[in-house]
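Take a look at the structures below.
Here come two complexes built around chain A, the first alongside chain B, the second alongside chain C.
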Partner chain A sequence: MDGMSELVIETHELSKRFGRKLALDALTLRVPRGGVHAVVGSNGAGKSTLFRVLLGILSPTAGSSRILGEDSQTLTPETRGKIGLVHEEHTLPSWMTVQGLTNMQRSLYPRWKEGTYGEVLGHFQVLPEQKISQLSRGERAGLNLALALAQGPEVLILDEPTLGLDVVAKQAFLESLLFAGEGEECTVLYCSHQMDEIERVADNLIILERGSLVSMAPPEEFCRRVSGWVVDWTSPPPEVRAIPGFLQARDVDGQQQLMVLDQDEGFSECLEILGANAVLRLPIGLNQAVNAYLTRNHSSPNA
Partner chain B sequence: MWHLIKSELLRFRRLGFGFAVAHLLVLRAVSGFGDFFAPSAAKIGLGLLTYALTGLILGLYQIGSHKKIHRWAYLIHRPLAPRKIFLALCTAAGMWLFLVLSLPQLLITLYLDGMTPLWVDLRQYALIPFLFGTAFSFYLVGCFITLSRSRGALLVAFLPYFFLTRDAVGLWVFLPQLVVLAWLAYLAASAFKPDLSTPLRRPLAVAASAFPTQYALFWVLVAASAVGYQSLVIFQEEGWTGYATHAWDTHFAEGSYMNAQYQHGIEALDHGLRGEDTQRSVYLRKQIELAEILETSPWLAKFPSRGQLMFADGSRSLIDEDKDIVWTFSHDRMLFHGRDQGSGKAIGWLGLDGRIASRPFPEVPYVVGNRFLLTQQRIYRFDPRREQVDLRFEVGPGEQLYGGFEQEASMLTALTDKAFYFFDPKDLRDESGPMAPTAAFALPGEIRNLSGVEVAELLDGYLVSFLFGTRSEAGYGPARQIMAELRVDGSHEVVAERVLGQGWPAFNRYRGFIFSPFLEWVHGTAWSWIGPDRANRVGFGEIASRELPASVLLGALSVAGLSALLTAFVGRSRDLTPKARGAWVLAAFCLGLPAFLSLFLVTGKREGVELPASRPRLLRQGWRMA
Partner chain C sequence: MRHTAFGAEFSVIQIVTGDARPIFRQIVDGIRLKVAKGELVPGTRLPSVRGLALQLTINTTTVAKAYAELATEGVIESRKGVGVFVCEPRQRLSREERERRLAEALRLFVSSVVALGFEPEEILRQLEQELEPLVSRKPYLKTQSE
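On to the complex of A and B.
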């Protein structure tokens, strides 16, 4: 198998326009087989649009997208059978029973894994005779995940699946996902705003901003790129344009917390040249790093 | 796929069973009225509207509820081809429509057939699949409207009109319906695709959606321009206040066909003689002022056909009020079936030889006024006292009746496509056989172009006015009024002939042709083929040989050229390939203004990306994991 054929998702200069809004802006993305790939970005960054284009539910305005080697716009039923989808609404036919729905899904997917289904559903208090409309949101999420994983998908798209779930349901959901991922050849695309979840499950972090890919790296690598500093200025702080790699600044108790990108230990000397009296480097987590990264343009919308 | 069908069946089970039971109860209640199989036009309309709306609402709701973005992803993203998914939804909907609409109808029909004295013909069973087809066609319309991105999809609701108003016979009644069903199914299946935000692209699918849209637009244009022009005329003549009070009878110029149409009785006869100043015409004018006038027209444009659905029946029952018996014609037996209205019991059959031998009618008769029965070539008279049906008049081979036995004072007449007959009313009392006409006047024009006949009884004969011109407005025949005198000795002569002008200006009369000659032709031939009444049938030869004013031809050509030019210009901003744009320009030239207008409804707007030249990005190139 050559290098290109190992890609499960590949977009090339992919753009999608809704009237005056450009939801995807010449997005070129290559996702290799295996692992959990977290897709993050602020609201309107184009995450859900990307998933819809990948599934052929939306057509691109320009560019192309492929999933499992097939053009997204002409996905065959067989390929669709290899792609699982769980989204935030956990849309399931409310008029059916759990057993009825399971039977339907079982008949549709030839690679159905009864064991996986049972084990995932075991994390939730769901009875076969229950109607879908009687399930709580968390139970529906669990059932939805169980059904998606039992298909034996090669690609699993999770679009904010834990949105609105309580702590217990979220925990059960993530454990199910982590458990089911073990030893499977399933590539997971996981979209979420919950960085703690991403920190737990993601092997790779894809950051979208205004429809463009702005970063793609393992979470720890990305964390290393973003550094935080506490600075005590002797005089008024310099203009942010003067600070290399500037992402975010916040005043706390007369001091300034700075978040910067791609700066090493030598950055403290730079700050001192700019007028810093005292400089201290802060340890930061993924949540802070991503937030700082995504909000940089909020500080300067015209940048 | 079966599981998906089952899922959709389960989805509507409560509503469906409730509706079915309610429908059954309503039908049972309605079947208690005597006219269950011979309902009035209003009841037919209400029934059809109910079934059509049921189908339409089911289509709108079923697909509409799946269309929300997450639900759509759940429905469409599965290892089934979209067409199979759509087939599953349609199958479930079809099963529900059968259960909710057809099964109650079938149960009630079986009940009436087997457990009541009512006679049920085979065609009454055929009504059940026809109504199912009607409901299902509107279900497909609902699906297409919901699936389509354009509001113009509403115009496909025009397609069922092709079979709803038709009255073809026997199994042929289903042919137009099946064609429309296949058309709608193809359209809806084509629109059922993963990406609902894009318009149809396959040429056949685009053509299948464009044609009904254009046809509907054609009628919108024809109707709107008529209303617009007439409103303008009213405004010019009487101002704003005229809209409530304007009377058209004074609008048209004297000597025009439209003006002549508004003349009745003495006025009509006087209109025909206007301009004549011979001694005879002066004499005739004096006579008609005192004369009794008989007015008639070719009112019987369509005879019932054996096996036709009940929509086209008109009248098929004879009511014997003295004995309280209703005689209802059976298409299966070609006899009248009698039922005592008091006891509800069946009392036997009535045929050409009365109740004894019950010889079947050769054709389905049209019942006129509880007394006369008309077939294409015969007029029978029903005598309730003797319970006999007597043949009273028969026309020659190749001749067809268009009206029969109109009586006024001592005049008794019948109208055929060949002649206008006079009879002696006293002969009606005679029960001995067919009556012989006392006089016959060969029709001085084509029956389909005949608007009306007025007859004045003179001292020494009759003065007859024939007003021709019903088809003249469309350019298919002359407009003229012919006055003929028929004397007691049987001789007759034309005493006056007025060539009439047209009431409306040419651009108003030929506006359909100007908007789209092709769609006007399609309309004419389609209606003629599917089975309209005799008067409205237009042959291809007639359409082709119709003489049109040069201004109309120039107008149609200009509209076609302008439509093509506008399509070429607007087409640049639509989401079309160069080849498709060329096809649209050609279509606009051939189909005229409706084709240009449909461009906005059938195609999507072209959307470019148009990225700014420089855009701040930290990273734009693709990434790969190490």
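On to the complex of A and C.
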């Protein structure tokens, strides 16, 4: 298989059940090598479960998952060494010093990149003699990222890494992620609820819903599929089921704001037939597009 | 090397997240406008792909995509091993393509302003003001073939 089409992550009909809850529902996902892939979805969409199964921490109820060409359930130490993980809690051994932890990691990873480690940590005010327990959340995040990138991973999984970070730490974190160790071929899986970050970093947007894959496309391509409209109805608005591509509706000052999927300019005529008095198309950003899309199947109190 | 946070303040252009335009489109529009207004003159060296990505804290592929589009339009050119430069004004798009894009831009403009309730005269007056810097730089508007 040539480098261009190689898959770093491949799941096939992957399911994971916790009691009566299906966290992953026959998920088939194929992530090619290279680039930053943002993974989004509502809470409980299955993102963290997916990462745990991929890393072999959890075993699937059905189906299979492969990472770097190996079955997640039987990963060799060599392959494990090529996978970096940074998750929201930035849990590091609190009793160790920064220096002690770094020495340990350096001895564990044969591909250790001292330059990258220094470059990332240079963004954060962390001293070698400090104990991990004395570091702020932002500093722990920085150290965590420095350690992960220094191991020279082929796949880096980030699970809500900037949660709770202030603007300065967040900026330093993103800058390190995007530019440290340039030239290294690393595929990044970036799970976040922060759409502004996703806009900045992502080449590809993966949307999970109730344990299944519902969309995979570059962010701007996905954004183009969703359109927003302000509608003045002459009479009470029609039932949402009558509106093609319906995602979301909100009433604002007697007008209705509608978000719809895969509708072109002809949609305004369709609204007029349904009884619209005036129709105006709204420009919308990625944040609104993703929100509307994820709201789609959610029950609303008055529906 | 340590880069200052929020380097974007000193960048050749600015971008915002949460906008209806994707970031690569903001870069294309931003540089094109600065060139058209004469704020970036031919021969000006632009940041490298990595440099601009670093200034704006965005993915390098986004900048590469924007630069590729600007190069296709003849706004900038990349000289191997030297850098990225603003070109002498010239038009690489066909007359038909330019007319198509103008029509598309006008349609978008009209649909955005129609509900704002201004008199057409008021809109025209403001539009003229916006176009003023371009009118004084007429040579840019000419195409090579015409």
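Just so it is clear, the second predicted complex is superposed on the first by the 292 of 303 C-alpha atoms of A that agree within 3 Å, B and C clash if a C-alpha of one lies under 4 Å from a C-alpha of the other, contacts with A are read in each partner's own complex, and residues count from 1 in each chain.
Here, a residue touches a chain if its C-beta (ideal position, glycine included) is under 8 Å from a C-beta of that chain, and two chains touch if they have at least 3 such contacts.
As the structure is a computational prediction, the values presented were derived from the model and not from experiment.
With the two structures aligned on chain A, chain B fits next to chain C without clashing. Looking at the shared chain after the overlay, A:E89 reaches chain B, while chain C stays out of its contact range. Of the two partner chains placed by the overlay, neither chain B nor chain C lies in contact with A:A249.
Shared-chain residue A:L163: touches no atom of chain B or chain C. By the document's definition of touching, of the two partners only chain C reaches A:L280; chain B does not. Among chain B and chain C, the chain that touches a larger number of residues in chain A is B. Once the two complexes are laid over each other on the shared chain, residue contacts for A:S215 go to chain B alone; chain C is not touched. In the superposition on chain A, contact of A:V240 is made with neither chain B nor chain C. Superposing both complexes on chain A places the Cα centres of chain B and chain C at an angle of 160° as seen from the Cα centre of chain A, in steps of 10.
By the touch criterion defined above, A:C270 lies against neither chain B nor chain C after alignment on the C-alpha atoms of chain A. The superposed three-chain arrangement places the nearest Cα atoms of chain B and chain C 15 Å from each other.
Overlap of the chain B and chain C interfaces on chain A comprises residues 35. Here chain C touches chain A in the complex through residues 2-3, 5-6, 17-25, 50, 53-54, 56-61, 111-112, 114-115, going by the rule given at the top. Residues of chain A touching chain B in their complex: 12, 15, 17, 22, 25-26, 28-30, 32, 35, 52, 55-59, 61-62, 73, 75, 77-78, 80-81, 83, 85, 87-89, 91-93, 95-96, 100-101, 103-104, 107-109, 204, 212-218, 261, 303. Considering their complex, residues 35-36, 122-123, 168, 171-172, 174-175, 178-179, 182, 195-196, 199-203, 219-220, 223, 230, 278, 280-281, 283-287 of chain A touch chain C. Of all the residues in chain B, the ones that touch chain A in their complex are 2-4, 6-7, 10-11, 13, 69-74, 76-81, 84, 194-195, 197-198, 607-609, 611, 615-625.
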